[in-house]
Amino acid sequence: MAKRIDIKGLNLYYGRFHAVDNVTLSIPPRNVTAFIGPSGCGKSTVLRSLNRMHEVIPGATVDGKVLLDGEDIYDAGVDPVEVRRTIGMVFQRPNPFPTMSIRDNVVAGLKLAGVRSKSRLEEVCERSLRGANLWEEVKDRLDRPGGGLSGGQQQRLCIARAIAVQPDVLLMDEPCSALDPISTLAIEDLITELKKDYTIVIVTHNMQQAARVSDMTAFFNLSGVGRPGQLVEADDTEKIFSNPGKKETEDYISGRFG
Amino acid sequence: MIGAMSDPLGNSLPARRPTVRRPGDTIFQFLTTASGLAIVLSIVLIGVFLLLKAVPSLAADQANFLLSPNFVTTGGKLAFGIRDLFVVTVLSSVFALVIAMPVAMGIALFLTQYAPRQLARPFAYIVDLLAAVPSVVFGLWGIKVFGPVLEPLERWLNGNLGWFPLFANGNVSISGGGTIFTAGVVLAVMLLPIITSVSREVFQQTPTMQIEGALALGATRWEMIRTTVIPFGRSGYIAASMLGLGRALGETVAVLIILRSAPEPSRISLFDGGYTFASKIASAASEFTEALPTGAYISAGLVLFVLTFVVNAIARWIAGGRVHRP
Amino acid sequence: MTTTTSLDRPAAPQPFQRVSGARKLKDWVATILVGLAFVVAVIPLVWLLVTVITSGYRALMSSAWWTHSLKGVLPEEFAGGVYHAIIGSLLQSLVCAVIAVPVGVLAAIYLVEYGRGRVARMTTFMVDILSGVPSIVAALFIFALWIGTLGFQQSGFAVSLALVLLMLPVVVRSTEEMLRLVPQELREAAYALGVPKWKTIVRIVLPTAMSGIVTGVMLALARVMGETAPVLVLVGYSRSMNFNIFNGNMTSLPLLIYSELNNPTPAGQLRIWGAALTLIILVMSFNLVAVALSRFSAIKTK
């Protein structure tokens, strides 16, 4: 299931704006990799390029390679829709589909891919909700709309929805930034559990969170005002937070800027 | 690898890479684009077909198309001009606009700035109901009920202000109220919901910061409106009025029912009768059998089409894409 | 005596400056005028409705009004009804909707989801222009194309075609507005699940915007149903029932009102006002359904 990702010479653009410059990075499987860095440094942009969500934005373009277990997801013969089935994503703000019940939200990916078998959908629904630590809370109201849940529950619903299609990789774009501390804790616990089965990449503003949940940390920074963002360094989380290789990283971690 | 292209500044930019497209996406995008283009095509077709059918009749026209006040298409003779149609159309529409603009401004301000919040919505709905009344009913009410009520006012204006050309004796009798004056007032009522709903939307968008800023400086409500809401919404309000003008120019049945046909050419008075472009066409619709006479009316329709096209394009240009028709 | 006035004056200056009389007066006058403007709009509405109701309600009381046509009814005799005209109005607008709604919704999807650059800008511009095309011009165009060039006869269907041109821009505008209200995040959530773009639009975006779209369609239908100019040009008047929209004369309520206008008998007058009231009821009920539907937002919270 879980696969490794190798980013090679990745450049990202929004129209003429060069957003991220020449990122090369390896992300190991069954690990949590955190992307940290100041606002606008391109960490979310890099994350979105890992499942080809970057190109959804009009005018956005990509140069370079992203290898998933050695296969370039940007190869001309690759269908972006298939890439996104393999690499799931959880967003900053919980975004359950408002017209669907909790159950339909969870199995939306399968249903829209044409899975009709009721028993299969039931089974996936329960397994995914259990996987997202949400089953006990919602099992009695699976037919109620997903929008009626609390913010933290909605975010776990979105995680359940993402893992229901059984991806190899799970991308999380600041999944806790809209949540209160207790919900955040629930999600962080969940991330630690999920890494047994998935390769997880998480973007976070919160350095304590990166330190708590991740095995590896990549620090991104702007090379200057109006200049593209770049990868400064990536290493074991413990090393980055205790003994970073670059002064820039140390300054950021110790709160001297950003 | 990808092909590189250059922007005008000479920086190389990555091109979009070739990628797999699903047949479903290709088909769906084709369907939607075709529907969008169908709308563009329909406008082009309207222009082309009206022109095609108008040209033979225009070629056979024995009168000056732009300057003749007559519209003769019967008895095997074609001698038609649009002068009077133009005069009556513009006179009734502009008169309607002159009445409707200040009232609509007042209503829009009332609904956005004065009415209590809970009542603003139902009040707005009441005004919108005016737009739901079919124009044939407006015409019916205009000639049978409202016209006779307006008649004394028309007589008074004609008697006391007759020296002013617009209030001079017209080419029809005022009795019964089948005049441009009545038609204009009824049109004004019909324009109210159009101008109001667009202006209301624009006035509502006035930044709260500006409003609070003005109030914080000690402005009265009216001073606040004059210094923030009206300047902010002016272009939208003018665009809304142009949209209303477009609607008035093309209004058919209400005008057709109200206006009395005139025995002689227009005197450019509000107490004239006669036909607008639209009502002239509608009045002759049952006689559209032979190509040449029909083409005469189609050429009048073409002029109306161009007229409304220009007015609507100006409205859009003023609004800068900020305002949409309700 | 005036010596006490200095004692009446407060010791300290007032904390708030009084608004000067002139400014207050202006504010007051503005308030009155603005309120009056609203009243001015309400007067004709109420007057018109009262007129139509009082002059026409008697016609609606007879049961034949809703179940019979005017076939064989003499001009001066009050009998029969407007069943044929109601059916005509409904048929013509429904056929119009069947064509206009899919095209309009698809065009709106193009503008919101796909349209970029010059073609999209031109389409938006043309939608605005189309919404400003007078109904008589739309009718003339269909006449020139459908009857003058393609050689078809006048029919209810020709009316429907002209109505399509009038309904399209309204459907496009309202659908476009609703689609733009659907958060981008929902689209991204679907893409991230590996749902193709077209399926995302059809299964996620459209259902979310559905109630708003239906509201827009109902409002457009209400507008189209009251149109008179196209029926004057494109179809003949008939006093009897015709269910065939493709063939023969077919009466709608506006056409009935216009055609009976020159019947001066009391029976004719009652028919006109009765038909006007029926038409208003029909149009208003579509409006009310639209308003009611708009309250059912797709965003369920409970």
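Per-chain numbering from 1; labels A, B and C assigned in written order.
We adopt the following convention: a residue touches a chain if its C-beta (ideal position, glycine included) is under 8 Å from a C-beta of that chain, and two chains touch if they have at least 3 such contacts.
Protein identities per chain, from UniProt: A = Phosphate import ATP-binding protein PstB; C = Phosphate transport system permease protein PstA.
From a predicted model like this one, the values you see are computed outputs, not experimental measurements.
Asks: Need the most distant chain from subunit A, centre defined as the mean of C-alpha atoms.
Replies: In terms of C-alpha centroids, the chain at the greatest distance from subunit A is B.
Asks: Specify the chain with the shortest distance from its C-alpha centroid to the centroid of every protein C-alpha atom present.
Replies: C
Asks: Just give me the whole-number Å value for how far the CA centre of subunit A lies from that of subunit C.
Replies: Chain centroid spacing, subunit A to subunit C, equals 47 Å.
Asks: I'd like to verify one number: the distance from the centre of subunit B to the centre of subunit C, where each centre is the average of its C-alpha atoms, in whole angstrom.
Replies: Distance between chain centres: 16 Å.
Asks: If you average the Cα atoms of subunit A and of subunit B to get two centres, how far apart are those centres in Å?
Replies: Measuring from centre to centre gives 53 Å for this pair.
Asks: Tell me, which residues of subunit B touch at least two other chains?
Replies: In subunit B, residues 22 touch at least two other chains, as defined above.
Asks: Please list all residues of subunit A that touch 2 or more other chains.
Replies: In subunit A, residues 81 touch at least two other chains, as defined above.
Asks: Could you tell me which residues belong to subunit C and also touch two or more other chains?
Replies: 196, 199
Asks: Looking at the complex, which residues from subunit B come into contact with subunit C?
Replies: 22, 24-25, 27-29, 31-40, 42-43, 45-46, 49-50, 52-53, 102-107, 109-111, 113-115, 123, 125-127, 129-138, 140-141, 145-146, 189, 192, 196, 218, 220-223, 225, 243, 246-247, 249-253, 257, 277-278, 281-282, 285-286, 288, 291, 294, 297-298, 301, 304-305, 308-309, 311-313, 315-316, 321, 324-325
Asks: For the complex, give me every residue of subunit A touching subunit B.
Replies: So the residues of subunit A touching subunit B come out as 11, 13, 16, 55, 61-63, 74, 76-81.
Asks: Within the complex, which stretch of subunit A touches subunit C?
Replies: Listed in rising order, the residues are 51, 53, 56, 58, 81-86, 88-89, 91, 93, 95-99, 108-109, 112-113, 145, 147-148, 158, 161-162, 165.
Asks: For the complex, which residues does subunit C have touching subunit A?
Replies: 116, 183, 185-196, 199, 203-204, 207-208, 210, 298-302
Asks: State the interface residues of subunit B toward subunit A in the complex, per the touch definition above.
Replies: These residues of subunit B touch subunit A: 2, 7, 11, 13-20, 22.
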